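Chain lettering (A, B, C, D and E) follows the sequence in which the chains are written, and residue indices restart at 1 in each chain.
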Amino acid sequence: MADVTLNQVKKSYGNLNILHGIDLDIKSGEFIVFVGPSGCGKSTLLRSIAGLEEITSGELKIGGELVNDVPPSKRGIAMVFQSYALYPHMTVYDNMAFSMKIGKESKAEIDKRVRQAAEILQLTKYLDRLPKAMSGGQRQRVAIGRAIVRNPKVFLFDEPLSNLDAALRVATRIEIAKLKESMPNTTMIYVTHDQVEAMTLADRIVVLKEGVVEQVGTPMELYKRPGNLFVAQFIGSPAMNILPAKIDKAGNPTVVSHVGGRKATVPIATPASANGAAVSFGVRPEDLAIATGTDFLFEGKVDYIEQLGEVQLVYVDIGRADLPLVAKLPGNVEVKRGETLRLNAGAGDLHIFDADGHSFTLHREEAKAA
Amino acid sequence: MADVTLNQVKKSYGNLNILHGIDLDIKSGEFIVFVGPSGCGKSTLLRSIAGLEEITSGELKIGGELVNDVPPSKRGIAMVFQSYALYPHMTVYDNMAFSMKIGKESKAEIDKRVRQAAEILQLTKYLDRLPKAMSGGQRQRVAIGRAIVRNPKVFLFDEPLSNLDAALRVATRIEIAKLKESMPNTTMIYVTHDQVEAMTLADRIVVLKEGVVEQVGTPMELYKRPGNLFVAQFIGSPAMNILPAKIDKAGNPTVVSHVGGRKATVPIATPASANGAAVSFGVRPEDLAIATGTDFLFEGKVDYIEQLGEVQLVYVDIGRADLPLVAKLPGNVEVKRGETLRLNAGAGDLHIFDADGHSFTLHREEAKAA
Amino acid sequence: ELKFKPGEDSKFHWANYDDLKKVDLKGETLTIFGPWRGEDETLVRSVLDYFQEATGAEVKYSSSENYEQQIVIDTQAGSPPNIAVLPQPGLIQDLASKGVLTPLGDDVAAWIKENYAAGDSWAKLGTYTGKDGKQGFYAFPYKIDVKGLVWYSPDNFEEAGYKVPKTQEELADLEKKIIADGGKPWCIGLGSGGATGWPATDWVEDIMLRTQPPEVYDKWTKNEIPFTDPAVVNALDIFGKIATDDKMVDGGAKAVAATDFRDSPKGLFTVPPKCYMHHQASFIPSFFPENVKLGQDADFFPYPPYASKPELGTPLEVAGTLVMITKDSKASREFIKFLQMPLAHELWMAQKSFVTPFKAANKDAYGSDALKKQGEILVGATTVRFDGSDLMPGKVGAGSFWTGMIDLVGGKSAQDVAADIQKSWDAIK
Amino acid sequence: MAASTGKSFVNRFGVHIAVLIFVVIWTIPTLGILVSSLRDKDQIIASGWWNSFSSSSQTEAGRLPPASAQTQKDGKYVIEGNVFGDGAKRAISAFGTKAAAPTQYKAGTAADLGDGVSLQVNGDGSFVLASPKAFEGDRGQRVYYASSAPPKFTTDNYDAVLFSEGIGRSFMNSLTVTIPSTIIPILIAAFAAYALAWMRFPGRALLIAVIIGLLVVPLQMSLIPLLKLYNGVGTFFGVPSKTYLGIWLAHTGFGLPFAIYLLRSYIAGLPREIMESARIDGASDFEIFVKIVLPLSFPVLASFAIFQFLWVWNDLLVAMVFLGTAPDQIVLTAKLNALLGSRGGNWEILTTSAFITIIVPLIVFFSLQRYFVRGLLAGSVKGG
Amino acid sequence: MAAQIFSAIFVIIIGVGGCVAYFWGANKLLDLVFPSRGVSGSAAVDNLRRQGLVRPWLFVGPAMIILTIYLIYPVIETLRLSFLDRGGEHFVGLANYQWALGDHDFRNSIFNNILWLAVVPAACTFLGLIIAVLTDKIWWGTIAKSLIFLPLAISFVGASVIWKFIYEYRGEGQVQIGLLNAIIQYFGGQPQVWISLPFWNNFFLMIILIWIQTGFAMVILSSALRGIPEETLEAAVIDGANPFQIFWKIMVPQIWGTIAVVWTTITILVLKVFDIVLTMTNGQWNSQVLANLMFDWMFRGGGDFGRGATIAIIIMIAVIPIMVWNIRQANKETGGH
């Protein structure tokens, strides 16, 4: 069994605390993605799980066994590094066979497993090449192959696609997804800061910020019900529009008036104490549409348009030039710069966050749970 | 004036021809993007314009003046490299000031222009840092700043964003777009293989393939009326679905039957001679929608789904497992794996290409022009 | 293979060889470390072959460019050879006082006194102060170089009508005459890599021996009179006058210090000759051009004494190597005994570059007339003194004295040079 | 390298010219001894080596046969022959009988030497010395002549050095000293450098400091303490103190600080991910070192190997101290040194042996040089 | 001959093989004592940790032992000797150091050494760098490099012979066999005795070492130069920098670390090298340097170990600043691991 359990895992370099007590329960066979801004400790956490960094305190269990002091090679893990980390002087075959040779497996067994992995990754005809004679995508596949042959219980990826170009990235992403399917019992932990990867690959996403877990949930949960401002802005591209607002009337639904000058009725319960509180009002660009009737949420001049073909990003100045509202509209809607636009969104697509950045949705759920 | 004119520009390394006679007319103030697959010669062309490579034959004019033999620093250009190419031992300030110091400008002038550029790029507080103490996005901004201070007539970018992470890439892209606006007289030539960049930034896109210009046009032109199969598949993500097909009835509209077994009526004129010809039938994933009526273009089992939140990519097996049809459907449409799906597209969104890959649309236009 | 077949040539004392055969050293190894390399090494080996052949001892000879350094290291580190051969009494004194030498015994000293020419000069030369502070006989002189010779080309002398001078006064006249004829009297080269300067010390010593009684010379080498003594300064000055006179030396004064001593005699044999005379020891013919035949194309005469000082007789400066036991063994002792046999001398005399004061060695054995003549000079000298700079402590005799000579020919006054050298001597007392 | 599109001559050829100048300056001294080593022993110091390429006109001296060679002809006593003897002939332009006037007479004319004696020397060197009276003495008449000699090179010096006795053996001995003395420190230093760069253990920083500090220890001063130690050990175990093992270890000791200094800074620069990757793959430090670090460090190993090889190969001092001079131990430098006379100055031997000793290091340099090329790490990590 | 070759090869194999055998065997032994494969999980983990404690010492062990014997022990011995008299028997306190400070030769050597240290490392590094840069640009660069490297393969004795034929002096008007004087005479100048010109002779000696060591600097710097990202150079071209500016302002700063290593190595070499001075002048004409002076006192005329050792200690002390700087540098490097 390969569930990974982290219990108050802390890591510091000298006086510098990087991970501030991480609790996580990863079930066997799950595909977990760590996301978070650069420097938040994703790699450190992954490397701690791998055993490449010693954790400062806390408990780390793999398959139920405490592995704090177990060296990497005995943890039943395999890791794909951001920078491939191929052995430059060995052929693809030898790169993949290395761990098994070290483990003194039989020649036949090595050959079988390497060829099997190569088959999966379509590397069979490159087996005799050296890494330097391969393209970036191929190299990344070799790195994955090297991990596969180890038949690990836990598969760790550290931004495996970040060095690839767009097209390759898409292709390799799909390959990883297929790989996961072919290895249903293997737990996979994946670090990225690419949202598309996170959204498409993850069973659950862990959002990290400065060494603290901000939210854990399925992609849709995070997208639909971000627990706080940070997650709300981090998940989704372009980021959710966040506007300063004030609660006009607490309760369920809540009425808020935002900086754009308009009021909105949001079907989210707020405690009475929140009456008049300063909050943040959020709406995703893709949830905005051109208002057809007189009922609209935002009004403003079109500041700038990015035409992406099928869709366009429209930047609307709703009164605060430093906080343009972004709307993702279908590419065929005719919008002109300077034109005044009225935008609306479904009531279910609106978010409000308290002064600390916590979502009121979460408040409600917490209340329920209590 | 800073129009850039290329007349039969060829470049070869020894016997190896990289550029096969490029003709291009870039008008002053235009934003031109070169796209094309890796190794097609984009960088080579850009570097030739910069003067970092000597061209083998042909004429290269900048502002009407023949610059074949003019050294890079005298061409009035500035260049931003893919790898930033910052001077690692100089502070941000010195990096930006370097070219002016070399040019023996006055201290005051240098200071003025550097600070101005830093202001534009929001780098003012990093001026004393060394590049290694900056994040990727900041570094890229410094590289751009270094180019800005030179006050170039022609601004060259070689994949400036390819080393940035997704979020930064979006932000920096917008910055470049704004930069272009603030320098309306500066010609910008930009190399990328990221389509979004090409689509959002370009006034005109130049599609290159193996050292040959495939098509030149505005983003929408290329997206809507790709001149050939290569451009059709290259522009747009995911790529246009291309299916082998046969012309059942030539004329206007044309009736084709594709490999999925269905017929389609396409409002494109085909010459009578094309009757019965093998052609390629194309439709973009985002133009596909679930057929509501009995009228549909494709039918097949859902093979795999990538949920991206707002949208989902659905891979449908329409009979040829090696050629899955990709459809981009709204994220909220409930689709299950294995389910049979019927898809339709607007007649105006269909494309057909002849055996050589040329679009029939183009045929028609050529005919008109003639 | 033995160079001369035993018993064949009557000029050798083959009886010695038969005696030697009675000594049985089978299985013993005799390691000898000496200064001889190149041609000399072949020569010494040819002598050692007899010892090996007769006694059955295995003789291992070795040498090194840095032999002075090497012997210090080897003795200091406790891995000395059986026999060390060194040309510098100063260094030998040093080794003796560190207690690494084995005394050869009074009977050997007595033997030397009796059998070597020139009274007790040679026995004195082998006597040093040991670690215990007592005088002892440590070093056996073997293979002598005669110093103070002046080399010339008989043809050139004959052609110009010059006569070999018998006195310093005649020599001075000859110099004047040569200059008047447009020639240069001397070729002088002091260059010798790390040892640059030493040829001049010989010359100064020659002058000392010819202007002062031997006792003063002895005091000088022991620094019982200082370098700044007028007697010494005078000698320095006489040499300085010659060497710094552009008219006197080929190439001018500047060339003196810069020319390698090995190259300078070649000026005698150029056409037309660059110079007419060259002052150097008996080994110098090795550096004559290849086609120069000794005796025919080149000859020598002793650096003459002053007619004004008849009381000093015919003094002679010599140098040479001394044989010491650095690791005592039967073979070492036997080897010293071997050196006391005329045969040990004759075997080398019969070849090249070897003269000996051993009176019992057969003069007819000398391989050439030149050697024989040198041998006669050696045996006939009334006063024999060893190379003074070699007698001085290494830091002076192989250091400041050399440097001083360079300064002297560079134009520094004799008085100042003497003061400098004396200072360095004071520094090591 | 940055492309510069300037077209001027200086831009085009400036680099070539500059490099050429450096190469010429650097090569001239060596060329000098190469030429000198091919010249005649006496010529080396008679004229500059650069003169040896042109035919030179020189004035020489020769001696005619002594009186014993005379014959009687036409009532005169005649000595005939050739001034060059059996040697190579040259063209004589003038001759003379006095050193002061060595070219008094044209070749082919007869010189009157007084007393009726006449001497004629012809252009080809043949001469006739005639006198009405019988010649006496066994020193023949001296003649001087100006002759032009074509450039002359000889391999005699090489014959003398290459075929001197025991040279082959000492060549072997040198290799026996040099090869292990190069490989052993590399091995030991590489292991230590890896440990100092990538392994965690107490005292590591101190150790690095000490090693860098030891770089400066002058070799000469360690000789005596070491030799004492060797003798002690030799006596204790009853083995000879001068052995190959001893000199290998000595060279290893003297070469180690630099080796560790150089290798450590290189090995520390290898990509960390590769090591970690191997560690995850289950490789122990030993396996990582042998299978990953060693192959990747080839360029620096090659550099050090060259420097160490040069140093050991050219060493005389250490070899003389730690190795005997018997034929089974004497090294090439020592052997060549012994060819020099006791008082040195055999330029022909020095120049020749300088050239002979250079050959092996050069072979080593050229065979290892290709490992200096970059790109060994290509493809391993991003951007590679 | 064949037997000799065979025995040589045999001896070599024994030597190298022994060394290999140690590392391999020690590691094998460690694996045997603390097995990590084929034993149960927790035991394997424990054993791996124990291996981790022992293995670094297996790796650095031989180096430490050899360094201790061959360098540290002699250094201590030297330090001890520096307080003893010439025979190394009686304690004399600081007398030797006092003597050194007052000695004319010693002060002269210090002065010359400072000159050497100021000139040689700088010149070698600078020339090596220039040559490395230039040869990288041309197709026959490898050949050029090999020729510049050549002097490094020549022994010091060989080198001094070579330079004899450059510096040799013959009287004015005579045939010069020293190239330098021949050239000067050809142009009508007056030949000079280069190695005895006071003060300047130091430089003529330095030239020899520079000639030898430039190849070393070149080899190492050339590989560092290849590590400079090409784009930074192109960026500078576009910025309008000329080749000299590119060299000084862009290339040199980027390989500063390597330059420092080369500089240090040559500095240390300069402090230790004495062969050139010994063979060319033996310190005469005021060209003495510390290393040769030490050699002189150690071995000449029986030797004075006390004073020789004192000079050796002073040489080592002279390098302390360089060492400290380097150690700092080294620690900075390892900090990341």
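Simple rule for what comes next: a residue touches a chain if its C-beta (ideal position, glycine included) is under 8 Å from a C-beta of that chain, and two chains touch if they have at least 3 such contacts.
This one's a predicted model, so the numbers in the text were calculated from it and none came from an experiment.
Enquirer: Please give the intersection of the contact partners of chain B with those of chain D.
Expert: Shared contacts of chain B and chain D: A, E.
Enquirer: Would you mind checking which chain's mean C-alpha position lies nearest the centre of all protein C-alpha atoms?
Expert: Going by the distance between chain centres and the overall C-alpha centre, it is E.
Enquirer: Can you pull out the chain pair that has more C-beta pairs in contact than any other?
Expert: Highest contact count among chain pairs: D-E.
Enquirer: With centres defined as the mean of C-alpha atoms, identify the chain lying farthest from chain A.
Expert: C
Enquirer: Could you state the distance in Å from the CA-based centre of chain A to that of chain C?
Expert: Measuring from centre to centre gives 93 Å for this pair.
Enquirer: Could you please state the distance in Å, as a whole number, between where the Cα atoms of chain C are centred and where those of chain D are centred?
Expert: 32
Enquirer: When the C-alpha atoms of chain B and chain E are each averaged to a single point, how far apart are the two points in Å?
Expert: Chain centroid spacing, chain B to chain E, equals 56 Å.
Enquirer: Going through chain B residue by residue, note those that touch at least 2 other chains and give them in order.
Expert: 51-52, 71-72, 83
Enquirer: Note the residues in chain D that touch 2 or more other chains, in rising order.
Expert: Answer for chain D, listing residues that touch two or more other chains: 2-4, 45-46, 224, 226, 316, 337, 383.
Enquirer: Spell out, as numbers or ranges, the residues of chain E touching 2 or more other chains.
Expert: Each of 52, 234, 236-237, 295, 298-299 in chain E touches at least two other chains.
Enquirer: Please give the residue numbers of chain D that touch chain A in the complex, ascending.
Expert: By the definition above, chain D touches chain A via 271, 273-274, 276-283, 287, 291-292, 295-296, 375-384.
Enquirer: Under the definition above, what is the set of chain E residues touching chain C in their complex?
Expert: Per the stated touch rule, the residues are 87, 99, 103, 160, 168-172, 174, 193, 195-196, 278-282, 284-285, 295-296, 298-304.
Enquirer: Could you list, by residue number, the parts of chain D that touch chain E in their complex?
Expert: 1-4, 15-16, 18-19, 22-23, 26-30, 32-33, 36, 44-51, 168-169, 172-173, 175-176, 179-180, 183-184, 187-189, 191-192, 194-201, 204-205, 207-222, 224-226, 229, 244-245, 248-250, 252-254, 256-258, 260-262, 264-265, 268, 272, 284-286, 289, 299, 303, 306-307, 310, 314, 316, 333, 337, 347, 350-351, 353-354, 357-358, 361-362, 365-366, 369, 372, 374
Enquirer: With touch defined as at the start, can you tell me which chain A residues reach chain B in the complex?
Expert: Answer in residue numbers: 38, 135, 162, 165-167, 170, 174, 177, 193-196, 199-200, 219-220, 223, 236-238, 284, 286, 304, 306-310, 328.
Enquirer: Would you tell me which residues of chain C are touching chain E in their complex?
Expert: Per the touch definition, chain C meets chain E at residues 66, 68-69, 72-73, 76, 88, 90-91, 93-95, 97-98, 193-197, 250-252, 254-255, 257-259, 274, 393-395, 397-399, 402-403, 406, 410, 427-428.
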